[in-house]
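Multiple structures are listed underneath, in structure tokens.
You will see subunit A twice below: alongside subunit B first, and alongside subunit C after that.
Now for the complex of A and B:
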């Protein structure tokens, strides 16, 4: 018998899952083209990923280490999908981020043909079927401890920006005065022109990552009067650039260092806002078992609808676990309440079975 | 054990934060002295108090260091200071330590952003470790937070139980954060010694006479107050009374007395199971 016999002759009339743009997938809910984050658990929460042409702001945990992990996954996924990548950072050398991406881990695929199959007596109609995984996930699994060695072809798709300006560059004369911001936006525009992403027919997309935007290294405080306009205007310009081209931007901001009004403005501006909070910052979190911090969806994209469509059962607070190898997001659950004094109801979204052994003595 | 490790390993960028009550300069100087002893070349920039006031201290240090000490009378514009820091860096390939005492006068005129980019420019040419002292109580909270963000390792000195304590937070390259609290003391030769961890004495736990979970929760009042407990402990149980009254020593163990009666053997076997 031929090797690939389908279940039936019915064929759904759908467009192919990625209409010619690498690395995107049509969302079933929103009909936007979504770009995967690289973290499969995050993709499940945010409807398959970021919509193409949107700006995502990640409010960092203290010192930004977990946010950095998310940006690494985002870039690694782009590398796997052969997208163009642009890494912008003033905190450190931007090449460091690109050279230390997690490498993909190929999961063993189930073999399609099972050898030595017994003859099916009851379900004989299924005898000639092959096992096909119909829901192909867009995401890959990554291993953080092994740095990814990029193939040479992919290396041509990289760009960086990291303050190549001289210290006394002339300041902008228009609305945007901060020289770092001007330089960054210029670099992005050049990358887009170089790779022709604004033509409307490009089969690829650009993933832009700006690390720690607003940290002291950006020198927003140089001119107090233009501090707020520079910050907000840069984000707005970035958003308009990605809207009109095949690009997606992920910006992480150290929100503890910034004025609260700036943080609120960035929340209004961005399409998706994710906040990370590590255990150190909130001692109440210790009541929750196992998690290393909390991830909150402050805002979910609604580019094509009036109201944002939240994923599973409307929860927006999740916990994350970051081990040496991987980063995973899970639903929060309370540890089993043995002692009545230790309950924190405002953190629970669903009660699940606790898998870790409880250390308190069960008293019968 | 951050301080302990810092003394042994190659230099990294450190921010030492002190306050009016506890001076951080001794720790700062002894760290630099330690690096200098281990063969790293140190360039020391003093902006805080006039050089002449601590002349003897400086003289003593100068002998044992390979340092260059700069006077702050020079031009204090930002570019001049920056060029001062980065001048003559390219000569040696090994690690260089730039010690800045302290950042507080600089921060009075510069913004944190300017300082951050100046420090970063330092890092561009060679691998430089910047050890800086800052007076935390002089600046506002945002500035101190921003400084903590810039430096990967910061130590705060304080006093606890009459001894000097250094609380440190170290941000490793992998993103992991390490905390520590250590005692330390400085000798006359500017050496750090006696570094040991602060162990807080655990408060004595008073044990209740009745553990809480022994009493089940119900609407009835089941616990005893002190008077009732005393009365309870004084109750003599009946078997004890009997034991005390009996004269022999049989009372120590329980005994089962069995008198064998007529053989208890049943010949019937209704199920036919038994094979005898």
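Now for the complex of A and C:
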């Protein structure tokens, strides 16, 4: 007997299904795959996270401390999602960053049970439900004080690039001359080849973190009169590498040490630019706000349409509070104007509009 | 929606053949590059798209929102894409001399020659039909380490191509910042050679939901006019307004 008799010639068209890539979420706005930062509030203001294949530049605060916290969260989220991680740094040993990641925290869900509830006559279907916070954060929270113990299987997913790791640096002969940059790009290429991320079917992604790119350790400024184009050329090459593979790159730059035109050029090149400013830098602002610093979204490029991506309510300037257990980003607001007698005398000449009575609150 | 942009630029009445357009971007002028690409595609012109910092997929994705299909045109040979992030990556992996970005890794006396020859060979195949050469973000060449004088020379060569074959048009976009002297000087020099100059700026006080930025349209040839507009970018296009009327 014939086993399969075809009755009709209809064939269902089966699209090759995309493998679900670990650690990504489809964005509601653009349908791009977005990679979480590890900080849920940052994900919320950048539409779910970094698009896969993009280059994010973080302009560091003055001592780089908050930028380092953000890179730790980024890598910790990658470790939780079992992504591949590559840490590159010339300032310090790159293994230090990977060995001191924060560990995830599972917060106890607060469920408010209504006590003494009357029987609901109209909304009786809701009787057995408990009140839940509608703004429950979806995502991981990390605790910086508890170091993350990485399981052995995941240690194979790590790679580094740094001073001790790379011997034999040769200067380039074309317009891209800096040997550090060339060896970094080569190391990234090798990592991608090793983990087969450019095949198009890999279910995992690579998170690349370059710390303090452009600091004097990178030896960019040999020719003082002209701008170092190796800096921008490397950023552009890095962007081209991550765009065609399952990878995302986070580069932190000490923008106060660099030539301002170089910083503005790198803003044009990158896809997402975030600037961190700690309030330590600006003593006048310290009493005005109760946040630890200011986070500004200098640029969030939309890779699929013309519509600009603005943050919540159209603002791009936010304040952040960084504690050991939380990194919270919120809208800026002035603290309530309470008459306080404890204003310190050194603020008397700071605010231009303030009266001579050395009040620290803005008085309009 | 691309029609409102064309009306503002007066390109619905003035033919773009033989003209060169310069887009000076202070914050993000990509909407106008895309609008001009849409205009060229709608008119059935051949398109030679040269890009240094975006991938083909980006132009295709935005193009589909605006109503034209880049991949379709590429397969029918009505459009050619030169450069892009993919070529940049290949230049790093395999250093072959015909790659336009090979100057990054191997010394060359005339670094942009490969790029110009690639564009010229495409154009020579199209001299009978109307075509547009669109170069996106010329300042990326400066970022890659090319001297400004080489970039100017390259622009002059492309410009002369358009003037020789009078049914072609050239669109060049260049991103500037006031702090960067090199790029500002380049853009001022290029604006003297162009027929239509679009200067795009963001809003002075930050970002807004109502408006994306301001545009100044300056014609160096026949209408000799200079106009200011405000514009807002939507998912499917750009709307232009007279200054102050966006919220009405």
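Keep this in mind: the second predicted complex is superposed on the first by the 272 of 364 C-alpha atoms of A that agree within 3 Å, B and C clash if a C-alpha of one lies under 4 Å from a C-alpha of the other, contacts with A are read in each partner's own complex, and residues count from 1 in each chain.
Basically, a residue touches a chain if its C-beta (ideal position, glycine included) is under 8 Å from a C-beta of that chain, and two chains touch if they have at least 3 such contacts.
Keep in mind that what you see is a predicted model, and the values were worked out from it rather than measured.
When both complexes are overlaid on chain A, the residue A:237 reaches subunit C alone and has no touch with subunit B. The wider contact with subunit A, measured as residues touched, comes from C rather than the other of subunit B and subunit C.
In the superposed pair of complexes, A:269 makes contact with subunit C only, with no contact to subunit B.
Once chain A of one complex is fitted onto chain A of the other, the partner contacts of A:304 are limited to subunit C, with no touch recorded for subunit B. Touch criterion met: A:257 reaches subunit B, while subunit C stays clear of it. In the superposed model, A:141 makes contact with neither subunit B nor subunit C.
When the two complexes are overlaid on their common chain A, residue A:22 makes contact with neither subunit B nor subunit C. In the overlay built on the shared chain, the residue A:316 is in contact with subunit C alone; subunit B does not reach it.
Within the superposed three-chain model, A:174 lies in touch with subunit C and out of touch with subunit B [touch as defined at top]. Touched by subunit B in one complex and by subunit C in the other is not one residue of subunit A.
Interface residues of subunit A, counted against subunit B in their complex, comprise 63, 65-66, 68-69, 90, 163, 167-168, 215-222, 254, 256-257, 280, 363. Of all residues in subunit A, only 172-176, 185, 189, 227, 229-230, 232-233, 236-237, 239-241, 243-244, 260-261, 264-265, 268-269, 303-308, 310, 314-317 touch subunit C in the complex they form.
For subunit C in complex with subunit A, the residues that touch the partner chain are 28, 30-31, 34, 52-53, 55, 58, 61-62, 65-66, 85-86, 88-89, 92-93, 102-108, 111, 137, 139-140, 142-146, 175, 177, 179-183, 206-209, 212, 233-238.
Interface residues of subunit B facing subunit A in the complex, by the touch rule stated above, are 79, 82, 111-117, 120-121, 142, 145-146, 149-150, 171, 174-177, 213.
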